[in-house]
Structures are given as C-alpha cells and as structure tokens.
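In what comes next, chain A is part of two complexes: it sits with chain B in the first one and with chain C in the second one.
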Partner chain A sequence: MAGIRGYWTLAAAAIAFRLLLLLCFPKDLHLGSRPEVATPLTSLRRLAEGYWLKQASMSPYSGSMYHGSPLLLSFLGQLTIRRVEGRPPHFYCSLMFVVVDFITAILIRATGQKLLLSRHKSFQVLNLSKLVEASGTVNPGDFASLVYLWNPLTIVTCMGSSTSPVDNLMVVMAIYGACSRIAPLAAFGWVFATHLSLYPIILIVPVILLLGYGLDAPPSKLFLHKTSDASSSGALNQSPDKSGASKLTDNTIHTFSWVQVLHFVLWVFIWLCYVLLLSSISLKDVGGLSEMFRKTYGFILTVEDLSPNIGVLWYFFAEVFDFFRNFFLIVFHVNILFMILPLAIRLKHRSCFLAFVYIAISSMLKSYPSVGDSALYLGLLALFCNELADMHFSFFLFCGYIGVSLLSPVMHNLWIWRGTGNANFYFATGLAYACLQTVLVVESVSSMLKHDRMLRKLVKA
Partner chain B sequence: MAAEAGDGKPQPGRRPRSRLIVRLGALLVAHSVLVSVVCCIAGSIAFLLLPVLAKNTYVSENALMPGSANPMFSSHDVVEANRFFKEILDRGSAKVTGTEIAKLIGQHVVDVGAELYYHKFHPHGNQFHPLHFFSSITNTMEMQYNSSCTLFGLNSVGIIRAPRGDGKEAIVLVTPYNSQNIGQSEALSLGLAFSIFSLLSRVTWLAKDIVWLAADSRYGEYTAVDSWLKDYHNPLFLSNSGKIGTGVCFEENILHLLDQLKVKGPRYNIFKRAGTMAAALVFKVIEKKEKEERDSLTIYAEASNGQMPNLDLINIVHYLAVHRQGLRVKIGSMQSLLKAAWLKFVGEMLQLFGKLTKHLNPKWKFDITSAEYVEGTATLASSIYYQALGVPTGSHGAFRDYQVDAITLELSPRFSLNNENNRSAFLLRGGRLIEGVIRSVNNLLEKFHQSFFLYFLTAPHKFVSVGVYMIPFALLLAPLPIVSAALFSGNDNLGVSTEKVNQEPGCIGSSDMELRSGSWKWLQAAKVVFMIHLWAIIVSLLPYVLSQFPLTTPITLLLVWAALSICILLIFYLIFGACSTHCGWELLKSVMIAAASTGLSLMSVINFSTAQIGAMLIVPMCLLVQPLRKQMQAGVCRKAVLVICNLTIAVVGFPPVALLIAKGVCEDFGKAGVGGFWELAQLLWSWNSATYLYLLWIHLPCWVLCLHILLYPCIGRSSEA
Partner chain C sequence: MAVLRHSAAFPFLLLLALLICIPALVSGVWLNDDGGGVEEEGEQFSEELFLKPLPDRKVLAHFHFQSTAPPSAANGRHHHLFPKAIAQLVQKFQIKELELSFTQGRWNYESWGGSDPISSTNAKPPGVELWALFDLPVMEIDATWKDLTHALSGLFCASINFLESSTSYFAPSWAFRSNVSNLRYGALPREAVCTENLTPWLKLLPCRDKAGLASLLDRPSIYKGYYHSQRLQLTSTKSTGIVLKQTLTVVLKPDVQRNSAHSSLDKSIQPSWSVSSMFKKNVTGLCVPAKTSRIFFELETNMVVELEKLGYGDSWSNSIFDLSPNPVRVFKESNPLPGRSNSIIYEFINYSEHEPLDLGMKWKLPFIWSCSQAPFHVSRFLMGSGNERGSIAISLQSTESNKEFLAKSHGCNVQVLIFQVVPWYVKVYYHTLQVFIDGKPQSVSDVIEKIQVSPSEDKLFPGTLELMLRYPCSVQSVALTLDFDKGFLHIDEYPPDANQGFDIPSALVTFPNFHSSRSYVEDNFSINSPLLLKFQEKNVVRSYTEALLVPLTTPDFSMPYNVITFTCTVLALFFGSLLNVLRRRVGEEERLLNSKDTTRIRLIPLLLSKFSSKLKGRTDGTPKSSSLLGSKFLLILVAVLAVLWHYISN
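Entry: the complex of A and B
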C-alpha cells in the first residue's frame, strides 16, 4: 500500500530537470523543428503564426499554417510573443508546459490510487488477500506518475515547444474525472480533448463504461461465482441479495448506473455549447466556425500535410494515386473505429485499461502522431504495472523503443541534411515504430486477459 | 532485432502450438553458440572477399555525357597559363606583402570581364564541438571570433555569369595557394585555373555560373574554403552584423586592404553569390619526387564522417582522365598492406579458387589475380581508414557539409616543371580534363543523385556498393541479438524452473512475486548499463572543461583526463555499486550486448567504416566475455584458451590500445606516443567526427562492462544449479 519512498523528491527532481534544461540550453535544442516532436497540429511555431495572423485581423487559418483550436490561440498566443533575452524563443510557453506536465502527473497519480483501492476491494471480496499482500509493493499511481514525468519522450515534448502536453492533460483529466465519478470534470476533459485533437472522441466508450460500471475490477462472472459459493443454498442462485457477505459484493458489481451517464451527457452538452460559443466569439470576424471545422478536423481527416512524421500515413498518401485517396482515407480511419466495439466487449470490466488501449491504438494510426502521444500511453501503461507484471517481450520492447528513438533522428539527418539517404530510410524507422506499438498493445492486452484467467483459476480453486 | 522476437519464453513443454516465427526464433536461440560462430566466420570471410566482389564503375547519369564534345582548351590558353604562371612567380619572389598575388588575380579576373570580390576571413582554432554533428549547419554560424583582428586571410573570388543560365546554379573551382610563400607548383595551378577561367568566360555553352575561388591557404586550405562556404550559405544581414563584435576591426581592415589592392572599379568587398552549387572541383599541381612514365592524377574524395561525393563525379573524372587525356589515375592506398605476405597468400588462394570455379562453370566470373587482389585490398583499407577517421582528406570536405559534391584532383607532371615544353603539354592535358569535367557537370539538369553515395573504392574504376558491404557487417552483427536473447531466455527459464522447485502448493503469493521479478529483473541490469553509459557521456564531455584550463602539454592533459574519468567511475561504483551485484552476470551481459548492438547499428548508419572496424573488435569481446571465476571451473585446456582469449580481447578492446594498433598498422609504431592520444582525440573532436562519439559513448562503456563481467564477484545462479 505504501507509496514509493521519496515520491515528491523524485517528482520535484523531474520538474527541476526540465527547468534546468530550459535555463541551460538557450538555443542549442532545436526540438521544436523536429518532426518527431512537433506536428502541424501541435507546433507552437505555427501557433505563433496563427496568433500573428489573428492580431492582423485575418483568419488564423489562412495560408494553411495553423490547424489548432482558436481557444488555444487566445490562451497561449499572448505568451508566444513575449521574448526574454538569452532564453529560448517560447520560454513562457515552456514554463507553462512544465506546470501542465506536473498537473497531468498528479492526476495520473490520483487515478492510480483510485485503481489500487478498487483492486484491493475486489480482491478482498474474492478472498484473495494474499495476492494483495504480494502486489502491495508497487503503488501504481506513484509509479505511473513518475514514469510519466521521467519519460524522456515527455521531457522532449515538454521542451520541444509543442502543444501536446495540453492535449495529454485534457485526456488524463477525462479519465480521472470518470474514475472518480465527477461527471462535469470528465465531460470537460473529453470535450476539450476532442476539440483539440479529435481522436480522443473514441474515449467516450471507456468514459461511459467507467461512469456506468465503476473502476477496473476482475470480470463480474467471478463475483457471481463467489456469491453463489457463499450463499451455498442453490447451485445456480442468480440473485445475490441475502447474506451479509453478498452485500459487499453488491457494491462491487454494480448494475449500469444510468444516472451518472445521463449526468455526463448533460454536462457534455453544456461544455460543447460553451466551447462552440467561445470559438465562434473568437472567430467572429475572421472566418467562423465552418472554416474552423474545415481547417482543423478536415485537416486531420484528409491528411493534407504530407511532411514526414513518425507515423506511416504520410508515406502512404504520398504514394497513392489521387483517385484512390478517398477510399484509403476511409479505410485508414475506419481501422480505428473497427477496433472499438470488439475491445469494448472484451474489456468492459476494465474500462480504464480499455482507455489506455484506445489511446495507444489511435496514437499508432492517427494522421499526425508525435512522441507526445507515446509519452501519454506509456504513462498510462504504468498504471497497470501490477496486472501486467508478467508481460512478455518487455525487454524487447524496451530495446526497440530506445533503438527507434535514436535511429529516427539519425535517419532524418541522413535524408534531409546529408542527402545520402532517402525517404525510405526514415519511413523504415516509422514502420519499426508502428510494429513496436502493435506488439506493445497485443502483449499488454493478452497479458491482461491472462491475468483475469489466473484470477478465475484462483477463485475456482 | 527481429531474431529477438524469440526472447519470449520458448517453453516447449507448456505451449506446443506457438507461432512459426516464435519457433524459428527459439531454434536460433537454442543453437546460439553455433549460430554465432558460423556468422562471425562468414562475416570475416565476406569482408575479406570484398575486393573480389567489387564491380566496375559506370556513368549512371545519362545527362553527363562525358567526352562527347571536343575540348576547346587550346595551345593559346596554355600560353596564357604560362604567362600568368611567370607573373605570379615574379611577384612571389618579390615578397612584398601577402596581398600581391590576390591583387594580380583580381586584375586578371576583371580583365576577362568577370565579377570579382575579395573575401576576408579569420582563422579559428581547434574547438571542442563533437556534438555539432546533429545540429543543422546554420548553427555553426555562431562560432566565436575571438582571434585577434590581425590574423586574417584573403580569398579572391571571380564569378562568370552564364550566358545561357538563370543564375540559379553554379560550379565551383578551387585552387588553394599559400600567399606568404608561393611555390612553383602552386603558381602553376593558379595559372592553369586562370587559363580555364578565361576560356570559360568566352564560351557560349555555359548554363551554370562559374565561381573561381583562389583560396588563401596561409592557415590551411580547409579553413579558407570552409569560411568562404560558411559566408556563402549564411547571409550576414546588416541588422545583426553589430552583434558579432568583429564589425569594427573588420571595417577598418577591409578599407585598409582595398587601399593596398588598388583595383579599379566598384567596391570589391561586397560578397557576391551565384546560386546553389552543383559540384566543386579542388585542383592543385604537385611535383613528385619519383618519376613515372605518364602524368598522373590522384583523386581524394573522403569528406567528414565518411561521407563520399556522388560516384558519378569520380566516374566522369576517371573516364576523361584515362580515356581522353591518357593520365594515370590513382587513389590512396595503404602502402604497408601492399607488401604484406599474408595478403599475398590469400590472394593466391583466391586466384586458385577462381580458376577452379571457372573450370566448373565458365559463366561464373570469379577470377581475380593475386596482384589485383592485394592492390584492391590495400586501396579498400585506406578507403575504410579515412572514412572511419571522419576527417576530410582535403578542402573538398568543406563542401560536403553543404551537400555539394566535391573532389580534390592532384595533378602531378611526369618531368620537372622547369622544362617549358613538358609544362605546356602537361597544362594542355590538365586544362582539357578540367574543361571536360565542367562541361559534363554543366549538362546536369538536377543535382547529382543517380549514382551511389555510399560506397568504397577498391581501384579508381572499381567500387563496392552499400548493398555488398553491408553483408559482412550484418553477418558480424547478427549473433549479438541472438546471444542476447539466448542469455535472457536462459535466465528466464532458470527463474521459472527454480521457482517450480521452491514452490509449495498453495503458496500463491510467492509465485506471483517470483514471476514478477523474473519478468522485470532485467531492469536492474539495465540500470547498471545505463549508469556506465552516463559515465561515458560525462567522460566524453570532460575535454571541453579541460581545454579551458591553461595546461599545455598533451601528456598532462591526457593524464588529467584519465584520472578524472577513473575517479568519476569509482564514485559511481561507490554510490550505485550495491545494486550491481543483485542481478546475475548473464542478464548484465545480455543487456550490454543489446546496448552494443543498438549502438553499432546506429553507427553503421552514421559512419559505416567506424562501425565495421568497431564491430570487429566489439563483437568477439561481447560474445566471449565470461566471469574469470566461472572459467576457472572448466577443464584445463578449455580454461586456458578461454582466459587467454578473454584477456587478449579485453586488452585489444580498450579504445586507446585499439587506436595504437590501428596507427601502428597504418604508419609506424615508433611515432605513436602517449600524448598522441590526446592529439588524436583533439583531431577527432575538432573535425566534429562521429568516431569520437562512437569511441566514448559505445565502445568505452562496452569495454568497461566487459571488464566488470570478467571480474564479476559472485557467480550467477545458473552455475550453482
């Protein structure tokens, strides 16, 4: 149960490390221009351009430079124009992102503690307290939040003048809100995350499941099995509402609570109206909402910008013939949607894990991925360190991530700066990265299912 | 890495139906010793066979059309070259100031109707910037000009605007000369360059602008060319010129200079440009001591970090020199290897083998004579050596940093230059060669891209392409992930088996614990490896601190460097030493091998030659290393062999020793001293060679970890079982 010793020291050290990087390397870190860090959607340089255009009372979307939200423009735009002598160009924004990273880490920690509590509760119900003792050594909340803070990818994203820390914060906020059953917060996080980067729209499934069924727990069949054993009156007693023990069970296997979900939907509606209102005020004289939708969501869905990134779509759409383009756009986007339903059915008792799987899949198949997305799902992965303790290929994945993240800049250098390589060199690393992510998702899901199977075996034994 | 997919748990008993790829991986992993021995031997043989597998070069880009037009360089131009040559020698002997020759060049350039300007530059000393490798070129602009204003060089630049071009592209000719003390051969190369320049100012076919840079090589050729290129590619705007701090002395000096130069016309200190560079030719005349039967041409192509110009550029030069001008073309080769007996023996064996195969099937073209093989190997070795060093072999290297293909042509005459007839014939050949090359490049429609960028030369007309030379390297590297997976899964299985023994029925909790520690135990080993790499990074940055102190002799600097590194290593051991003994040495070795293979494959992309040489040292070291205590338990004969192998490799694997041996093989053992290492390191980092980073970030930590494993205190669990 006890958290990791010196959690606050380590967290403070992570923050201090970021500040040190910010202060010590005024100019040499050109992370903002790296395709791995800043995508056309998240680049702060583009945001500054959009802000400038808007100040000149033009549409921020003119000239195909800026593709983000207008709210971000009024939120961060002011900070982009302030310069300090001898500091990086976006010093204040970077400071802001350090704070945002810290808040994200705190929210991940709180989520982890909620998950741990629910795990203990369900184990107690299932008479598996020995497992609790065994797994009590690692507190998933502390661990995950430290993984998030110390992940080099997070640090690079934070330093690299890209707005993905804000996107990540919104996603984590939605998950946290759903885990602690604060419908307004969950709705706020989900609406803003969707508004900022569109792909979190699929998180509505895990968020509703979390609000409806509650936190991650072993499959509900196990509880039924246990209660049927405990009551021992009838072999197939399906209504566990007699003894005192079964009352505890009743708390853990909730029926789907429609009230929470309706509450959530109401709040989603309210926040949606709010966001649209703010956006339309912000873009009143310049463009308007239709242009915003066209230039943000349209830009994401039609993959207009084919500049190289760590994904696989840019290469594919640079090659594909124009008349097949629409077809393949549909194929690629439906790819994500296809996975929603089967996964939701299989993992409905573990909605938080389901959210992780969705985020990992969408960051693999999205049109403009960056390392900020992997930073998010790797942080969330660490929330399930107890369940995934015997995951296969962990060493292979670790080596692979390190290898790809070192090889990718070198290949880019070879192609763009030295001119001796070509696009295939860089794309190869993108492909390897996609494979790694696939292996990660497949292995984590299969070891989670294996964990459930083990629990069933133990309960039945 | 794909083979590492097998590092899951190949447990044949529990899971009979595993996927095919997993089973294949498990098969490889199970026979890892055999696989690694076979792969290493095959890799070494394939490496020795590279000269045999070399193909003849061919001009790949059709637009080049070398030698399709008759040369226009005539005896009239030769006369002009001779006249200019004599004028320079007259001025040079007077030795008034350093600017006399620049003035002479300027007058002549203006006379032929070309544009002229002078470029003044300050030489910069050796600075510590190995980390500039990844940063884009624009950053190098911020280099400090802390040298005094009095030290400067003066390049004279002439530009011919192409009558048929749009001014977007240019071809650059470079002739380095020493303005303080000009020799006969340098004067001749200036004369040759001027006669070509004046010819080009008259021709009608020019589609690209011609830039002639007479580089003042007082402070080294490279410095002059590099600073000119830097100013060419980074326009200096008036708004930020004040920030540089040299503005004041710059202005004063240039006015003073222009008074001295007294060239009529507009201001000659304004920097002029001529579009992107399609190619650059550095050429110079060198008088050699030994006499040959033909005039000869030596080509130098290696740029920084083992980059090579496009092969087509070398091809057209070779084609024109051999088939049109009848010159003898040479490229650098390692002299010591030419006489090596063992190489001759290998060559003869190959010759025999070739005859045998020809007997079997006449279609197999596998015949190579022994002499050809020896020469090819010596050339290949020098090619690999210069690429691995990462230091350019001439001022053409400066161009490659801006993605411009460039080579140095060194023309040497057959007879003495004093004989006027011989000199004229030589000038005619050289002039026609360079005119032909320029005419070919002039035909280009786009950048050089058709032919190879990644290749080794085994002769001026033979090359080994990337597809061929990657095979030995891949074979050498293949055992690493397999052995790593084998060690890893061996350890894993072991954990499972001991756990099965220990496990009491009903004790579920402990089994869960065991499982977790089994699956994630490598984290401990990874921590050790990470710490050692962190140490190596600190060590690689130490010279930056050291070079700030006023220590002068290289030996003191080297000793301080070594002492500091060892101190830091000891501190690391004291702080983190406790955790390093928890994990067995198998896991540590497995993680170390994974790190080494990642590093080597990364380096093979950055600078292949370094990775190849490094792999030949690291791979045996990584594969063979075992704790000495464990080796003591084996049989006497095996023990002796193992210990001797391990110790030899551990000594040879130490970067300074490896460098000493490499230097000894290439040059002489006598020359290498202790201070030489510091100088070599300085050479590497001041040329921002990635080899420095490789040696300190990959090779050194790997060696330290190997030593750590050799001296491992407690034997891993496997040996107890």
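Entry: the complex of A and C
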C-alpha cells in the first residue's frame, strides 16, 4: 500500500506555514500567555524567569514561577534571552519547536508504518487479506503525521512558545522506541517524558507490553484458534502454504520476551541516573533535587496554581472547601491510576492503542492541561484510522472540538478581559471539553473492541 | 472613722487633709525640679507644634510630643511620665527601634514639599506602616514580630495583627536601612485610620488631650483635613533609655474668612487662618508635666526668597501678611552657600490659661511661592488592561531642585534606591525589568548598580525588589517597568469586598545623595527643642509612591456546590462509561463464558457460601441465597473492621 501521495510536500508545507507565521507576525501574538497554550508547567515566559533567577544565582524554583525541569532551563534558557530585532521575543525557541514538531511527526510516521506492517502480517496469517484491501488505502503513518503537523492545536502550541512540543516529542520517542523495539530509545523517551511532565509515567505499561508482546495485533486467541484450525486441517493435507502460515503464526504469537523488558529496565535505570545526575549538577548550588521534586511533581500533584486552563480542576480547587481538598486531589489522581489496569487487561494485544488511551486520559485529567496534549493524542488517534474507521460520533466529536476551541477563547475574553462574563462561562467550556474527551476515549476504546470482535467473527466464519 | 466620732474630730480632719496633700506637694516639687538641669536623667516630656503655610492655600500642622525614659534599671518598673505600656513593649520584645504610622490621604510631594525634614521623615504611605529593629538573635525575630503585631494591634485598636502572616511582612536587606538583618517591615495599605486609633495614641501622653497642645486635637477638624498621619517612633538604647516620639502631621485647609470689602481679591489671596479657626479650639491650660511647650511657625526658603524679592526681608509683619502675636525668638537657617536666603522659624512660647495663644496669619496681598522639591518626582502606576497580566511602572521625573543641584556640579551622578514590595498574587516576572531613560530603552546593567530580588512564594512570602540606580544628573526622566501576571486565589482568600481590588503597598524611593538637614544660625546649645534638633539630623530625602490598586478576577462565590457536582458528574461519566465499555461482552462470547462458568468453581463465592452457611449452622443453600448471605456477611465484616479500626485509632 502506497503512502499518501505528496506526503513530503504537505509536510514541508506545514513547516513552511509555521515559519511563515513566525516571520509574518513580528509582534508578539501573546499566544505564550494564553491559558489554552501555556500552562504554569510549560510556559516559556516562566522558563525565562527561572533562567533569569538562576543566572542571578538564585534557585530557579524560588518565586513559584518556574515548575519545569532544570534540564530544559539549561537547554532553552540561553535561547530565551537572545532577541532578534523585529521578531517575536522567543524567536529562537519557536524555531527550535518547529524542528521538534517535525521530528515528532517523522517519528509518528515511522510508528505508523511499523503498525501497518504488523497489521498486514497478522492479517495474512489470519487469511484476512481481503480485509486489507477493503479497508481503504490510507497509510496510517503518513496520515497521522500529517494530522499532527496540520492540526491547528499543534501549530498554536508551536507558535505559542510553550515547552509542550518537547514533552510530546519525548512521549512519541518512547512509543516509537517501544514499537521498533529499541529499548534504549524507549527508555530514554519514557524517562525524559516522565521527568518533564510526570503523567507519562503510566506509559510504562504499554511500553513494556510493546517490548514484550510486540506491536498491535488482533487478540492472540484468534491466532490460537487459527493455529488449531490449521493444525487440524494440516493433519489431513500438509500443503507447504499452510505450514508456512503456521510457522508465521508461531512467530506472531510468541511469548512475552523478558529479555527485551529487562533490557528496557536496565536502560531506564541508566537514563534515570543520568537525568538525576544532570539535574543535580544543574541545581548544585541552588536548591537541590528535593526542591526540584517538590516544585515540579509536588506542584503537579497538589494543583497549587489556580489560574484558569482548559481543564476543570483549576475551578474545582478554587471553589472546593479546604478540608475536602486533599480528598479530591486523591480522587482525581486515582481516577487515572484506576483506569490503568482494566485497560491494560482488555487491550494488552494492542499496546500502541493502549498508549494512546493512556495519553488521552491523562491529558484530560491532568492538573494543568493544554491544547498541546490534545494535539498529541489527536495525532496518535490518526494512527488507528483503519481500525477506528467505524467509530461512532466522529462527526459530533469533530464539531465539538471546533466548537469548544472557538468558544473557549471567547468566554475567556468575556471573563478576563471584558469583565462582562464570569468564571462559570469559561468553566462551562472546560466541562464541555472534558465531556468531549470522555466521549472520544470511550468511543475509541469501544470501537477498537468492536473491531476485534469483527475480526473474530471473520476468522471464525 | 471611729476616731472621727471623738469630740476633737476637727484637728484630725486637718491632719488627714495634710497627709493627703503631701504626696501631691512632693510630686509638684519634683515636677518643678524636672525643668532644671539636675534632673536631666529623669523622665521628660515635651510638646511642640509646628505650623507652616503651604503654597496651595493649605496649612501644615505638625505636633511633636517627645517622652524620654532613662535606662530601665534607674527606676525599676515605675514611670512618672513615660507610658508604661510602651516601656513594657520595649522590654518584652527587645525593640531597638520601632516606627508605626497611621496615615490617611496622600502626601502631595509636588505642592507640600519633598526635601524638607517634615516630608522626608513624616510623609508616610497610606494605611499602616510598621517597622521594627530588634535586639534579638535572628532566629527569634519572626516569632517576636508576630507577638509585637498582636500587642500593637491591641494597643492601637487597629488590625496590625494582619501583619503577622508571613505574606505581609519581610526583611529588607539594604534599600530600607543599610545592611541590617534584624529589621522587619510590614504595611497595610488598606487600613482605615480614624479616631479609634487616635484615642489610644493620645492616652500615651501625660495630659492626654485635656491640656496642653494636644487639646487642639478636635477630631472633626483634623479628620476633615487633606492628609493625616499619626506616628509613633521608639528608639531604645542601653545608654539613653527609651525615647518615644509621637507626631501627628495634618494638612488642613483653613476656612475662607469672607471679607466683604474686597471680594474680588479674596480669591487670589491666601486664606487667613489662626490656630483657633483651624482646630475650632484654643490651647487651654498648660500641660504641667511638659518640660517645654512651644509653637513654631516656619517661613519656607522659597517664601523668604520671594519676600526678599519684594523687599520685605524677614519681618513677620509686612504688607503681605501679619503674624498676630509677636514671636519670642527667631531661628534663621544657615546655609552652606552664603548669599542665599533661608527659611526662618519663629518661636512662640508664652501662653496661659487666661490668655490663650492664638497664633494667626493674616494675608493681605496675593502671594505665590513654591515648595522645596525632592530631586525627582516619583510616581508609580499600573499599565495594561484586563485581569490576566499587567505591568508596574515607576517613573522618576526631574524637578526644579534637581536643576539647581545640577547647576552646582557638572558630570555628577544621581543615586536612587528603590524598595518595592509586591504581594504574592501579583506574580512579577523580574526578567522583564526594563529601564527607560528619557524615554529611550536602556540596557539594565548600565543603569542599575545593584539589584536584589527576593521573589514571592505562593501563599508564603511577598516578593521584594531592591534596586540601586545610578545615572547622570542631566537625565530628565527615568522609568522602570516590570511585567506581572495576576494570580488566581481560592475563594476563601478573597477579602469581603473582592471586587474592589487588592492593594500593592507603596514603594519607597530614597535619594542617598540628598539630605534634608537644617542647621540654624544659633548654636546648638541654645536650641533645646527636640523638634528643631530633629530637623538638624541628617536624613536622606525619601519619598513614598502611591499605593496601587490591582483588580483581580473573582470566581463565582456562590458556586462551590455546583462546581463540585458538575465536575464530579463529568468524572463519573468518564469512569462509568469507560468501565462499561471495557466490561461489555456480547453474543457468543457471553455465552461461551457462561458455559465455562457453570463448570468452573469460583473461589471467593464458594468460600463465602461455606463461611456463611457455617455461620448460619446450615450446610445447604442455593447459590443465589449464599451470594446474598455473602454480601450481608461482607457488610458485617466491614462494619466490624470499621469498629475495630475506630477503637484502635482512638
């Protein structure tokens, strides 16, 4: 199956479009202070403040301004102070984020191609080649990568000088590493993604499953079924074709490969030590690691900053009674954790999809969500365009996303700038957005399960 | 009383009366001695009133009450004149220095003066300002400060106890006072100051407001004024004991006395005034314990210059104005630069109960003069709109007096210290500090000689910015801008009237090169007035900026239940529907499972059914009832566990 014709043209056009936006708007668009784009964790302005404080030999975390990683500080800090005449204030950073976006897109494309190959392979094994031909000619890799590149949310995030493109790159890197079974890369991506934004920590489940069981495939029960069929029929007439198929099957439903996982764990350990070492060097004279954990992970987990964002937690914690605060903090975070196990049990044969569901859930329930997170999971969603072709409510979801992304800035403007609306207006769009994400997650999971069911029917038929 | 019943009751009565009188006589004698040189060691009290006409048809009245107590060892815990409450305060909290001011209104530096001793030491930011220097190890200071705020709050009927929270006070390192670590500074810009704060302040005076100069303090007339600042300053050293200075600075506008004859001139002539017309009261009765009780009247430098231009010199009675009683003494300021006119202070002492001193100034001709200005006029303002972000700007505009200074020396540099505090909910981006000199952006390192930032910590500390600027004297205007984001607070953190906005305390701008000291032609020994001695102290010129009002966004205060229910509904929707999707199995799969289930024995229900049947003493039971029993049993088990847990934890 050929990829999308003119993929490179479209990808280059997306990059050119970003550069054009950068060059055409020499004035600051103030996207960097939009609540949708920059959260207290990812805002580049805060990073610049942290860098300034560090240069003034103070802890970058003093002042409750910066809550990101010390590595980003030494990585991007230099770029924040360089100014170019007639360009937006964080011109170099934006240029870098364009590059980062491009790399992310390439990695998504490579992941998609791997997924496609594995799909074809398993369909061949299951004698479902007609399904392959029927299921359209969309190459999920190219499609997802273009969706990621051309998604307005991604473009806004890239232009809006927030550090979420870097977070996204790390997550995608972990998934790609796991898909292509490069344990060091997967470990690198996972460790850095966790270090940057904590929530990707739950991706360890899909990454280990990917490394252990391999790429997404129909449930292993089907293969067993097929093998037993094949062996029973093979006993009667041993054609070379069938035996080849059974061999293939054996390859496909191989057991959990512990070697890969141990390899991964080893690399995780190495990268973890590396990250901690670098952080402690960078914070040697100012603060130290304990302050870093308190100000980054502590800040994420306790939802200290109540400035509005597209989530619902800010308003909830601004309004909730103080004595219930801890209880609800636990409830919200446990909600993410509680979903890990049921999803992992049900979708263990589709680890890449599992990773997407985890990312979607955490970007919905995280304490400081931004559109950058949505951009990532929408991009990953497109990887499963063939499996999720008959998803319900897709038009409704599409309209919902457009509606919310148009209404939310309007409500924010009414409340914050004009003073004619109140906080409930903006919160309502946040609620609607959470509902949309819920529907998206639930529908995608349900249609993926339905897809598996359909495969089973086809195999059994 | 039994004695009185005797026949010779009268001599006894006489004796009794004498006995009662003796202490009074003795104390009277002691008080009279107090004025002499021998009892310099003892407690002293002096009261002074300083009056000055201001160019904008107003009058400045500055009351200065000073009590001193010798080192505490001298007379134990007893005081004759010195307020015991203050002495206890000093002893308990080991205060070296303390200044507390209650201010209402804003000192107008442009028209009331910016470089004279009154404006640089007595012009205070609106609301309450408190700073204290402790003689304690650094570890104990914060705890002591908290106790001190509570003590002062009780003493002055004000909400100074709000300064207890660490979000409202801080330790400036060098811009407020040079290099002290045991200083704490706090300000409450919104504190309303009224008569309930004045009454306890007056209670510290030996005569309260019953006699002496303090009797002028008629509440309606002083609170009607344009500016009102009541201050209490304490200094305590081992050698000199405690010195308590209580000052009250008011700017009043005298009522225009209508002269029917020439009403057209009336508008341009400054309104004539007298002490009794301004305060609606007379100085009645001497405050006997006071060592000195005087009234001063000052003609400002610029006023004298203008008068000399018209050829009137320093006479107090000329064709422009008349001072009604003749002054007792005249102090002339001596200026290092000869050949220039200087301010003149007239002193009035004598007044008695029968002949009240009613100092008055009667203007006859229109007269215009200007005040001595600070080298730079300081103002601070907010930029930007909306409730998300903004900028604070501090601007320094060169004034006339700086031009004179410039004329004196070329190629000089001006030093300016800025001390700025911002509450934590104004999240300042210090990296956005920009300096504009004469409207042009300037690199920060060129202008800023020294900078110290202690960033705010959410809900913990306020942020402070201490800056030392140095730039050439020829600069006309300097502006500093800092961007900030507005914070969002929890609903409980908003004050009752949240939509009014939040105050940022005044910034303090100090000009270390400029001093506001006066020296007088008469030698220092003959000037024994504490007020004039204070004028001679070498104080740097400082001015406070305006307090800023930052409106912050408010959430809907009536919504907590709705928000909780809505959010939880969405969450439950997510959780429920996702689990439902994961759990759902259809058709054959379901059947397959069912067929398997019948054969496979499930462990937990089996155990439960066995357990419950044992409990009931029955061996048989249908699976349905057993599961029901099992759930009941589980309920009981949980209840028992809960009771046990409760028991153990208690």
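Keep in mind that, in the parts below, the second predicted complex is superposed on the first by the 447 of 461 C-alpha atoms of A that agree within 3 Å, B and C clash if a C-alpha of one lies under 4 Å from a C-alpha of the other, contacts with A are read in each partner's own complex, and residues count from 1 in each chain.
Here is the rule we use: contacts are C-beta pairs under 8 Å (C-beta built on N, C-alpha and C of every residue); 3 or more make two chains touch, one makes a residue touch a chain.
Model, not experiment: these values are computed from the prediction.
Student: Should A:K130 be classified as contacting the first partner (chain B), the second (chain C), both, or neither?
Tutor: A:K130 sits against chain B, while chain C stays out of touch.
Student: Between chain B (first) and chain C (second), which, if any, makes contact with A:L458: first, second, both or neither?
Tutor: Touch status of A:L458: first partner only.
Student: Of the two partner chains, chain B (first) and chain C (second), which one does A:F398 touch, if any: first, second, both, or neither?
Tutor: A:F398 sits against chain B, while chain C stays out of touch.
Student: Once the structures are superposed on A, label A:A389 by its partner contacts, choosing first (chain B), second (chain C), both or neither.
Tutor: Touch partner of A:A389: chain B, not chain C.
Student: So, A:Y51: does it touch chain B (first), chain C (second), both, or neither?
Tutor: So A:Y51 only meets chain C here.
Student: For A:V99, decide between first (touching chain B), second (touching chain C), both and neither.
Tutor: Neither partner.
Student: Taking the superposition on A as described, I'd like to know which of chain B and chain C A:G419 touches: first, second, both or neither.
Tutor: It touches chain B and chain C both.
Student: Touch test for A:V259: chain B only (first), chain C only (second), both, or neither?
Tutor: Neither partner.
Student: Which of the two, chain B or chain C, is in touch with more residues of chain A?
Tutor: Of chain B and chain C, more residues of chain A lie in contact with C.
Student: Could you list which residues of chain A make contact with chain B in one structure and with chain C in the other?
Tutor: 417, 419
Student: Which residues of chain A touch chain C in the complex?
Tutor: 33, 45, 48-49, 51-53, 56, 58, 62-65, 81, 304-308, 312-322, 331-332, 335, 338-339, 342-343, 345-346, 364-365, 415-417, 419, 422-424, 427, 431, 434-435, 438, 441-442, 445-446, 449, 453
Student: Sort out for me which residues of chain B touch chain A in the complex.
Tutor: For this pair, the touching residues of chain B are 1, 4-5, 7-9, 134-137, 139, 142, 307, 403, 447, 453-454, 488, 508-510, 512-513, 515-516, 518-520, 522, 526, 590-591, 594, 598, 601-602, 605-606.
Student: Looking at the complex, which residues from chain A come into contact with chain B?
Tutor: Against chain B, chain A makes touches at 27-28, 30, 130-131, 133-135, 389-396, 398-400, 402-403, 406-407, 409-411, 413-414, 417-420, 425, 458.
Student: Quick one: in the complex, what on chain C touches chain A?
Tutor: Residue list for chain C touching chain A: 385-389, 424, 427, 429-431, 451, 453-458, 463, 485, 487-492, 553-556, 559-560, 563-564, 566-567, 570-571, 573-575, 577-579, 581-582, 584, 586, 589.
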